[in-house]
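Across the two complexes that follow, chain A remains constant while its partner is chain B and subsequently chain C.
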Partner chain A sequence: MALCLIACKKEYEVIMPDTSTWADFNSTQTTPIPFASRTPMEGIYGLTAGASTFGEITAIKWSYAIRGADTTYHLSGFFGTDIAYFICEGKRLHDSLLFNGYWRKMVSTQSGIMRLTINPTNGSNILLGSAPVVDSNKVTIAGVFGNGNDEPRQPISFTYQRKLHKDPTTFHILAHRSGGRSSDLLPVSENSVAMILKTPEFGSTGIEIDVRMTKDGVPILYHDNNLNLRLVQKSGLIGPIENYTYDQLNAFVRLIHGERIPTLREALNAVLYQTPLTFVWLDTKYVGPMDKVQAMQTEFLQKAAAAGRNLQIVIGLPTEDALNDFLKLPNYASTPALCELSLDDVKKTNAKIWAPRFTEGTQNANVDLVHAQGRLAFVWTLDVPGFTEQFIREGKFDGILSNFPSNVAFYYYAKR
Partner chain B sequence: MHAFYHKLLLFFLIALTVCKPAASQDTAFRAKHAAIVFPYPMIYEKWRSSIGFTLLTTPEDITEEVRIRIPCGDFRVLRRISDRLELDGRVMFQILQNHFSLGARYVLPVSEKLFLSAGDDIGYWFGILKLSGFDSKASGWANYPNASVGYRTKKNLLITLAGQVSFNYNYQAANGQNKFSAKEFYYNGETFTLALEQPFVNKKHLTLAVSGIYNYFYWQTWSLYYRTNRKVFYPQVTVALIL
Partner chain C sequence: MQKDKIFILLLTCLLCAFSSPTLAQTLLENPSPKDTVITRKNSLVLHIGGGGSYYIAGINLRPIGLENSIQRMSAATTFRLMWYPNHRLRLGIESGYTNFYSYRVESGSQKGRVSLNAIPVLFIWSMPVVRRVNVYAGLGTYILNTHLTYLGEVKSKVISLGTNFAVSYTHPFSRLVGIAAEAKFMNAFETKDATMSLQVQLVWKFFQW
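And now, the complex of A and B:
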């Protein structure tokens, strides 16, 4: 009986609802939403229905991802209650705009279908105009939401109030492990290309990814020291990931949602050519020479410049070992880096960014010191909503790393 | 789901009030040094206590490769109020974090071998962590309605099956100068325990228990994470010497 007691372990998952059943959205008469209509829609909206579930306001933002020949645009809404968000695709049906997708609360396993519409009397005529400008109370997005795969019937509506907040300097919303952890029950695996393509929908403007080396020196993305069932499906391989070549990992190992372990090159390619992300934090999880990672960083920074993309890539220094390996690089002083250690270590490495843990508070005095040196300051890994709100309101950090980028996005964009 | 546990506790309370108690007590059986978890009435003594430790395994899918297994000291004391009513106090101490609880439990002997109890405890925990990279502290309150069934074997081996639900409220945390508090009162989960109490050495008795804790938040892991998005399973072992 004791064994039964301690062996009981329920497996949890979040239902990804089937959103393919909305007849209007599937109509052959729909067309893409015009490019010019999207950005003016972004803003802070006040809820007039559904507030008891989602809170009083929502921050609405567009993102995109390129998969093959297709570019998919997503409309995301970030709420302040229960780290909730919705993610929808949009289409135009005659004079109305339709949005079809799902909602999720990150504090639980709740999710459901979300269907939204902007019709001509609620502002679609403004958005479909030649040079749309949205003023307060001129656009209302209304629809229904449901639970799980149930047909959505609960009303939700929100009306435009104001623009999204924007700091004079760039604020980085950074997603931990490219979008979140396995334990967050997201539909794709942490540190995967699939997650990189999905993370802009969560409000991320940048990502942190964990870099390790295979036995044959291929930089890959993987967090833990060992192959384990938290991150990968059962295979014949066990033990430290550094014990295997890339070909072995590629042949035998799949992440928990079926993806391959990506190489760093694949990940940076995805960021640069398939997403609007502007920041990549390469968290160094291996001990050893950094020249290969540095070379790849240089290569992709050059490619980004050539493509006219605003993209920063920094080598993360989380430990003394990583710092010492970094200092062995011949041109370390001009290599963009992020240092998690002391302010002296930041100076020693000439790191662009200082990134302390959030557990020492906002540290405004130290952040001012860092800014005076021409550097930036990030903080990690901030997940408690109350602290996220405080750090954005009272802190001076230039970026926040979180497993819940949608929560950071909400408090940043809703800031007054 | 927590409505189910409310009903279960209500059942126990009703059972305790309507069940006819055992016609006679076993006067030869001295429970003072034999039972702390087992719901035996405190007829012959005012105090019972035990000292020991618990050992918890943190859930791999949450704490990942940081698998913490630090023993937690466990001191428990019972104080007789009446034949069937006891005050139940417990201190769980782990230096960086500690937990206190105080409550009452009502014990009913159904027969010479079968015993029931129902009770409710109020708990308070706090943690402080000031090391490199941490300037953190947190605290919170909890409420633990509980019930148990005890069976005494022929050889005075005491077997107890206990159930407890927990409600958390008034969570407070500070990191550096930043403070956060959540006044929300929420259902946190349940704990099931199977305990054996038996003779050990030199007439001392031992409590051995295994527990399955299913919580959204467990106080021992306050520094690692806040509430999780689903109830997480923590297996725990308890070993205590009944004083």
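And now, the complex of A and C:
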């Protein structure tokens, strides 16, 4: 019986392909892609090869993250089939633009190498010109993709069709657990600084992070009640995370991909100084005083203002307990908050944002009501592509929280 | 110190069992032991024993900046109560104690220790497969306890689903008492902790009807 139980448990794995083997991309003659060439590339492209694997269109978007002294730019493509995406780094080689990276389908463990090129006849001359403007059919990105670490041989190409959709008001593409769940076999751990730096590549414009308190009162990022192997490596430490001090956790516990459990301070520092993210939803997973979280929220909002950054940080109120703790704060009414409870509770807390769960539907009348009060409305946690498309097409929400921000990005940017 | 205590406890149990009037009387009445403690009557049988266990699950400790050495060997004890009906399949419950693993850490003058132990609480199914040889399969929970002494002391626990699987050879001393050698695989599968243990057990049929 025991052997049967063990034998039946399947371990899934996503291969992160080795993308370091493209000789042209590794050439010493490559240079960074000029800044002015990047943004004009962004748009909706139609696939002329590879559509059977990835779908008919893709939304192409640039992102960046600052790691140490380096700023890394990534070109991402979001597809409408199987929550697929690709993420590539870009370089210029002579008159061509090269993009080297990987693709992944979030509904499965499929992944592989992606190599793309824009040569002068396909539009690199336009992009590398002064003040480039891209019109329909003027830029074609072509290349190959493969499976796993296999040499990529299957052709893919897509041609510029139109600009990315953009609403007059800001729409927030919010990534759950700082970018996605560890259980979705992402290359970095959920609720880690590494994931915060990674999530703009998925199209996220903001994040939701889970805040808990250590035994000695340090706000940290961690989702579950207990230390468990879904989130952390084996260390001998078990049980509620609140049983341990921050120094003990820092010394012994590593997240599933080896990262440290970050403090809230480290996480907000990363958001503010290393990413273009504009929104942070602090989901309070603990019951108790919120003064330390509020103080850190105030501090980082001031730092963002000083740095000229458009950054919102809100305290999430998911439960009655959290709401009651929030109301105990001396100046709660002026503290930016996001309330997941009733509309009455939104008024009571003077929350800036109302965030119902998606199972309650698009609720356009209630969203209109919230908008009339000068508040925003987000919806959580939308992971099914059909629902995501429906909420973007028919709903009036100002943001969507998802474990698959690339899917939200696809449907939002592809909206007509 | 804890191993010593367990050993003393085990020895005491064995000595108590062998020195009991019931057992002495039984041995005197049965100078020629039968081959097995199995009978066709309903009976309740107690297994008490202990031995050594080795932690076989994978572990890759990475405490930052801390020297550490993992201890996979430890003592293990078993307490099992079985109902032997008048057919081959037997039922029972099992508990005991095992230390999965422990390790010491050191950073400068700061020293500490982490240990993870478990108390199984399992439903057991058993049957004899050949003469004197029994197999056991258990399903239930493991109460896992961690004890950390580094930058303060923490005791914390969780409950994990788990199984065990054992095979034993029982040498009878009488119709009521025997001694068994048992190899056992213990698996707390939620926390991916597993040990193999070799134990010696007193098998005592203390009630029959």
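By our rule, the second predicted complex is superposed on the first by the 410 of 416 C-alpha atoms of A that agree within 3 Å, B and C clash if a C-alpha of one lies under 4 Å from a C-alpha of the other, contacts with A are read in each partner's own complex, and residues count from 1 in each chain.
Quick note on the criterion: a contact is a pair of C-beta atoms (placed from the backbone, for glycine too) under 8 Å apart; a residue touches a chain by one contact, two chains touch by 3 or more.
Note that the structure is predicted; figures quoted are calculated from it, not measured.
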- [ ] Assess the superposed three-chain arrangement around chain A: do chain B and chain C clash, or do they fit?
- [x] fit
Task: Contacts of A:N226 with chain B and chain C, given as first, second, both or neither - done: both
Open item on the list: Per the contact definition in the header, classify A:Q248: touching chain B only (first), chain C only (second), both, or neither.
Closed with: second
TODO: In the overlay, answer first, second, both or neither for which of chain B and chain C A:P240 touches.
DONE: second
- [ ] Mind working out whether A:D184 is in touch with chain B, chain C, both or neither, as first, second, both or neither?
- [x] first
TODO: Could you tell me if A:G258 is touching chain B, chain C, both of them or neither one (first, second, both, neither)?
DONE: second
Task: Computed vertex angle (chain A) for partners chain B and chain C, CA, steps of 10° - done: 50
TODO: Would you check which partner chain A:T359 touches, where first means chain B only, second means chain C only, and both and neither mean what they say?
DONE: first
TODO: State whether A:R416 touches chain B only (first), chain C only (second), both chains, or neither.
DONE: neither
- [ ] Quote the smallest CA-to-CA distance from chain B to chain C in the superposed model, rounded to whole Å.
- [x] 8
- [ ] Determine where on chain A the residues touched by chain B overlap those touched by chain C, and list them.
- [x] 1-2, 5-6, 9, 226, 228
TODO: Would you mind writing out the residues of chain A in touch with chain C in their complex?
DONE: 1-3, 5-6, 9, 215, 226, 228-229, 233-240, 243-245, 247-248, 250-252, 254, 258, 260
Task: Of chain B, residues touching chain A in the complex - done: 60-62, 64-65, 129, 133-136, 173, 175-178, 180-182, 192, 194, 210-212, 225-231, 233, 235
- [ ] Within their complex, state which residues of chain A touch chain B.
- [x] 1-2, 5-6, 8-10, 12, 106-109, 182-185, 223-226, 228, 230, 356-363, 383-384, 386-387, 390-391, 394
TODO: Sort out for me which residues of chain C touch chain A in the complex.
DONE: 57-66, 101-103, 105, 107, 114-116, 125, 137-139, 144, 146, 148, 150-152, 154, 156-158, 163-165, 185, 187, 189-192
